[in-house]
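Step one of this worksheet: look at the structure below.
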Amino acid sequence: MLEVTALTGGWGQTTIVENLSLTVPRSISLAILGRNGVGKSTLLELLVGRALRHSGSIVLDGEDLSGRSIHHRAHAGIGYVPQAREVFPSLTVRENILVAARPGFWTEKRILELFPSLGRRIANPAGKLSGGEQQMLSIARALSSNPKLLLMDEPSEGLAPIVVEQLVDAIKSLSTSGNLAIVLVEQRADIALSLSDQCIIMDRGQIVHNGTSADLAADEQALTQLMGLTAQGHL
Amino acid sequence: MTEPALVVRSLCKNYGGFAVTRNVDLELPRGARHALIGPNGAGKTTLVGLISGAIAANSGTIELFGRDITTVSAAQRVKQGLVRTFQVNSLFPHLSVFQNIFLACSEARGTSQRMLGRTSGQKPIIGQVEAILDMLGLSADAGRPVATIAYGRQRLVELGIALALEPRVLLLDEPAAGVPSVEVPLLIHAIDRLGEDITILLIEHDMQIVQRFARTMTVLAEGQVIASGAPDVVMASEQVRSVYLGKSGHQRFESGKAHA
Amino acid sequence: MDYLVSSLTFIAIYGVSYGMVIFLISIGLVITMGLMRVINLAHGAFAAIGGYLCTALVSSYKLNFYLAVVVATLSVAVLSLIVERGIYRQIYRKSELDQVLLTIGLAFITVASLNFLFGPNVVPSQLPATLSGTVELLGRDVQMYRLFVVAVGLAVVVALWAIFNWTMFGAGLRAAVDNPSMAQAAGIDVSRLFTLAFALGSGLAALGGAVGYGMLPLEPLYPFKYLIIIMIVVALSGFGNMRSAAAISIAVGVVDTAGRYFFPTYGAFIIYVFVILYLLAQIEGSPLRRKS
Amino acid sequence: MSVDRAFYNAAERNRFGLLEILFWLCPIAAFFLFPTSLSFATHVLIMALFAMSLGLILSFAGIVTLGHAAFFGLGAYVTALLSLAGYQEPITATFLGGAAAAVLALVIGPLLLRLTGLPLMMVTLALGAVMFEAANKLGWLTGGENGLGDLRYQPVFGIFRWSIYGQTAYFYTLAWLFVLFLLTRSLVASPFGLALQGIRENPLRMNLIGAPVTGHLVRVYTISAFIAGIAGALSAQATGFVGLDVLSVDLSINALVMLVLGGVGNIYGGLVGGALYIVLRNLASDWNPYHWMFVIGAFLVVVVLLGQNGVIGIVERLTSLISGQRKETSP
Amino acid sequence: MSKRFRTHLVAGALAVAGALASLSGVAAQTVKVGVIGQFTGPYALAGKQLRESIDAYVAQYGTKSGSQTIEFVYKDIGGSNPALAKSLAEQLIVKDGVSILTGFFLSPEAAAVAPVINETKTPSVLSVAASPPLLKMSPWFVRAGQNLWQPAIIQADFAADNGKKRAYIAVADYAPGHDVQEAFTKRFKERGGEIVAADRIPLNTVDFAAFAERIANAKPDIVATFLPNGAPAIGFFNALAARGVTKTAMIIGIAETDDPDLPSYNDNIIGVYTSIFYAGGLTNPENVALKKVMAEKFGANHAIGVNNVSPYDGIRLIYRMVEVQKGKFDPDAAMTAVKGFSWNSPSGPKQIDPDTREMIHNIYVRQVQKVDGKLTNVLVKTYEKVGVPKL
């Protein structure tokens, strides 16, 4: 469904992602692993359109999004949960959800069933929510646009364990519902691998490994080496 | 002459009850090549800010060559030889490479106060600038506006400005961030060639660069030092691996509760 | 004692109503500058065009005044849509200096055109006669017009509050102010929203120009004459903060009225001194500082 | 390595180029070509000088002010009051006018120049308005609305008398203009000039490399105020009259328009723009002045939209097209 | 003076200048008149009226006076800029070779020009500028309009004649306002009145309610005022009406309700008096003729204002100056010709005081009334042959 070809880009003049190609089939969840600073988040931002594409193409469901504006990509079916959550602090929880809403499976009602704790704070300004609630709201906002492709950047970052568990459950139910493809960036390999079907590892803006998550989870040695943590390195 | 170049003791920084830097100790002997690593949010940039004086510490001390500089302003620290580079380029985009570095040399030597006399007449400074350009391999680009040269070369200009300030201790904040891989060797060579009289603290993600450069290293996580020593030893530490890979994320869960 | 009471009620009523007129012609710019960060020195030109249009509609087409106000407001809003797409869009990312110059240029063009079309004189008032009647309030006769202006001002405050808090348009605008790039990533067409907000701001200026005639008579140099006071409100109220814009407008109205009432000959200085002190007081520990 | 001095500092040139010599021959030629328009020509020179003083801070240090007339006006009033008090030696009187403006800048600069952008524009605008109102109010000193008239000065060097034919005023003004131009030219070419350009580009970074940013700015602001004060003093001497208009907000804004018309980023911008603006405006007043307002407005819009750097930008582009050489992009 | 000056014409270029300047004088058959006017900017209406008056006069009497042809050269000031006025005067005299200057709307313009005409002996007709001390600044000035003391004194006389005792003075805070305040105060006290207060209203005032309130509080029975025409005057009178002062006191201004400005007012202005040297309703033949030619040239709705009439009288004076010329223009003869000159103008009988060069003329008190549904300045009282008093 998502076809990324020879994508190069970064922030302004910088080049963070280099000549990267990637395919995500329908109804698949893909995890992106790698040390920090290797360009995982930037890759998502390039897909969303907030980072600057230097060259290469992004095609979603046959539609070439490479030169399209950010909101057009959202309309084409890309939902985004950024690393810093970026809920709109001056909007209420409901407004945060409705402001992005488009018709489809995910109605306000279904979203609130998925995140009951949001329902209890529906009229509060999002800026007053706790970190975990903001994270859920960020996901809820992305879902309310009924995306074909959901991009999530470290949804577990900085959350209490109980919240992470809730979140993992929610994401699992999303990925098994079969309605959408998920691309998940996660520093914590354990969470990432357990949530995904496929997995890639990035280093210096490029893909250094591409395989199934189950295989990689079984091979700790390979994982450590691929993540560039050993003294030998891979070069 | 034996006192270390930079000593940081029990440094703490809180933002409204949330500790981003917790009791950090760091000691760099003269001529050190020390790397500082840690996952996102570990507080590396805050630590650099504290050491360079851009951020004021809540408690703890910082000493530069035996002198306490904890309360000294950022500009004064620069004058005393503590110089940093920036993660994101902060240059003078419409000025040429030469002029960017000239500005720094000129400020360092007080020449910038001169209103009479042409820029081209400042021979000693021009010589100094040319030496830096030469060392960094930037001579060919000297006349071009910074905004028009490759990003990797802009990072070299950033380094050049730092060198122009005649550093004795140099803090390099992710010098290779955002640089396309073909241009990375330029930067590594430049760093390799820095004089042994300069003490260097390098903040970097890229293990290749760290391993090539560092003789000692420190790992920071959740605002505190979790390991310090020779790279081989540090990287072999189970705790470091777990922080980096999140294999057993228990410890992060515990600390996460504090501010969730 | 009587003198004091009557002075205070006078300042309250007249200061507030004057402040409301200032609010009406400034609030549009407060909104657009808050959203788009564009220094629009041609804002007064939209107010002038609105006023002229309203007056022309009443005098030449015998339209009812209140209807003419609505038509003028809407027409200027539509006009501003075109201007925004054609011209303003190009300067959002340019330097402040460029914005200042381009919008001064637009104001020049407006002044020249107004003079060409309507002549150099003050245009005759078309306010309906009912507004010049008086009613008793707080023990004094107050002109209906003053109350009308306050009522329009309050209506605008309420309407803006409702638009910003109860409609998806308002939620989208607030989202775009909070975080423009995330708003886009959530599928909001921020540039379209800006265009609409610009039309809203210009329409409000036109409303102020039409309704404010009783205190700010229309003449070709209108766009420059009241620019300083508009900019004072914008600069003091901070970008996009409607609540403080209302408070500052009324404060300016009250300070100015009280100043001229108690110290008539030095009335000219008071407002400038107020501005200088206010802005300089913000130097320490504010984002206005050049040094970090 | 290139030997072009612009390599070291874009504002620095080797020597007077052909174009520059031609430029300075213009006012000399004007004297012979238009011997009956000298008082007008003097006015042109004064406005060019004033626009140049604004250009020094705006083009090279990035200070955008809407209150520069305060310095012009102060210089004019000080020189006029000196004359009325009996001090009529012209050269020192001019100098004292400039010095008074410089002192004012030195006093308000340290506070003012911590502001940038819109707040700076508003404060300078308000300060200008306060100066204007104060001059109106202090009628016993400034003559208020009626201004100070019939100012007299001794002959320059005791030889050249002031007259309505304006030869003395013209050359006297031209001499000041040229001297101050040389001063400005060498100032922007100095290491200090380069430091100012650094501040314009990135004040935060300048501060971080240890530069006294506000100090640098105050220094150049004072020099610019001095030049503006000289321009005001010359206007008092050349016309023998000072009115409230020397402090008006219009004058501040016109100076900005002149500068942009000429081109920002080059010390000739103010000179070219100031001269062009006054000459065009004079021609337009014979035509239809409100149309003139339309034309200048449209010009401003076009300059900004096309991103041409005023007349100088257009000339530069043309010359680079003709010579087909390096494309120069000035900031 | 001229001789000494000529010795300082140094080299070639200066000789050229001199040659050009004198050339136009030798040509003799035409006399050039320089017109310095406010053709743009905030006072553009006055500039327009100046031009209309010249056009109307030329339409009525042609361009010839005596044996000479008159040619007008126009220059624009475009706002309050005395220094520019001076520079323009120099240009007109030196470059364009004009022999007479006219125009001068704002008094500071005329003041700035005085040294120039003193040096060059250029007769200059002040078409509007009304500041009292102007004529002392140059023997070459002659006034075609009023001296501001004249209407101010009539304000006081009219108030006293109607039994008013308590006056409040509210004038704009600029020199003409101060002049009116001074003259009114002196005369009204002489007539036994009391000045309860005097406000100088800042020119940048937008909302005049504060001043209306102060006036209402002081309970005067007459308010004497002088404000610039247009927005300030309109705002002020509206504020007075809103506060009810128009009902409790006599309001008397000077030029604020001039005929061309009257359409800008609403009915609040009804009842307000003004004291000035012209009234549109005058039925003398000169006024009838002027109205006719103005209507032909500028449309039936054209309203003649005081700033039409005094420039028109100014042109009359210029024609008189030229009429007596034989060959080369003689400035002394020109001035002699107008001193003591008297004629009938659209605004009534006129005479130039031979000593002061001030105008001796009628001052009319007019009241705004609604006539046939239209606001009209109705002539209430005529004070005949008012000269300039010594204050």
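Each chain gets a letter, A, B, C, D and E, in the order it is written, and its residues are counted from 1.
Keep in mind that, in the parts below, a residue touches a chain if its C-beta (ideal position, glycine included) is under 8 Å from a C-beta of that chain, and two chains touch if they have at least 3 such contacts.
Since we're looking at a predicted model, the values are computed, not measured.
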item	value
Partner chains shared by chain A and chain D (touch criterion as defined above)	B, C
Between A-C and C-D, the pair joined by more C-beta contacts	C-D
Most remote chain, CA-based centroid, reference being chain D	A
Relative to chain C, chain with the most remote C-alpha centre	B
Whole-Å gap separating chain B and chain D, where each centre is the average of the chain's CA atoms	44
Centre-of-Cα separation between chain E and chain C, whole angstrom	37
Between chain B and chain A, distance of the C-alpha-averaged centres to the nearest whole Å	31
Residues of chain C touching at least two other chains	115, 265, 268, 292
Residues of chain E touching at least two other chains	44, 173, 202-204
Pairs of chains in contact (touch as defined earlier), listed by label	A-B, A-C, B-D, C-D, C-E, D-E
Chain A-facing residues of chain B, complex	39-41, 151, 154, 174, 177-181, 205-208, 211, 231-232, 235-236, 241, 244-247, 249, 252-253, 256-257, 259-260
Residue ranges of chain C touching chain D (in the complex, touch as defined)	39, 87, 90-91, 94, 96-98, 100-102, 104-113, 115-116, 228, 231-232, 234-235, 265-266, 268-269, 272-273, 275-276, 279-280, 282-283, 288-292
Complex contact set, residues of chain D against chain E	31-32, 34-40, 42-43, 129, 133, 136-137, 139, 144-147, 149-150, 160-161, 163-167, 235, 239-246, 248, 250, 285-286, 289-290, 292-293
Chain E to chain D touching residues, read off their complex	5, 8-10, 12-14, 16-18, 20-21, 39-41, 44, 74-76, 78-84, 86-88, 90-91, 93-95, 107-108, 111-112, 114-116, 119-120, 131, 137, 173-176, 178, 202-204
In the complex, chain E residues that touch chain C	42, 44-45, 48, 173, 199-207, 209-211, 213-214, 217, 230-231, 234-235, 238, 241-244, 260-261, 263-268
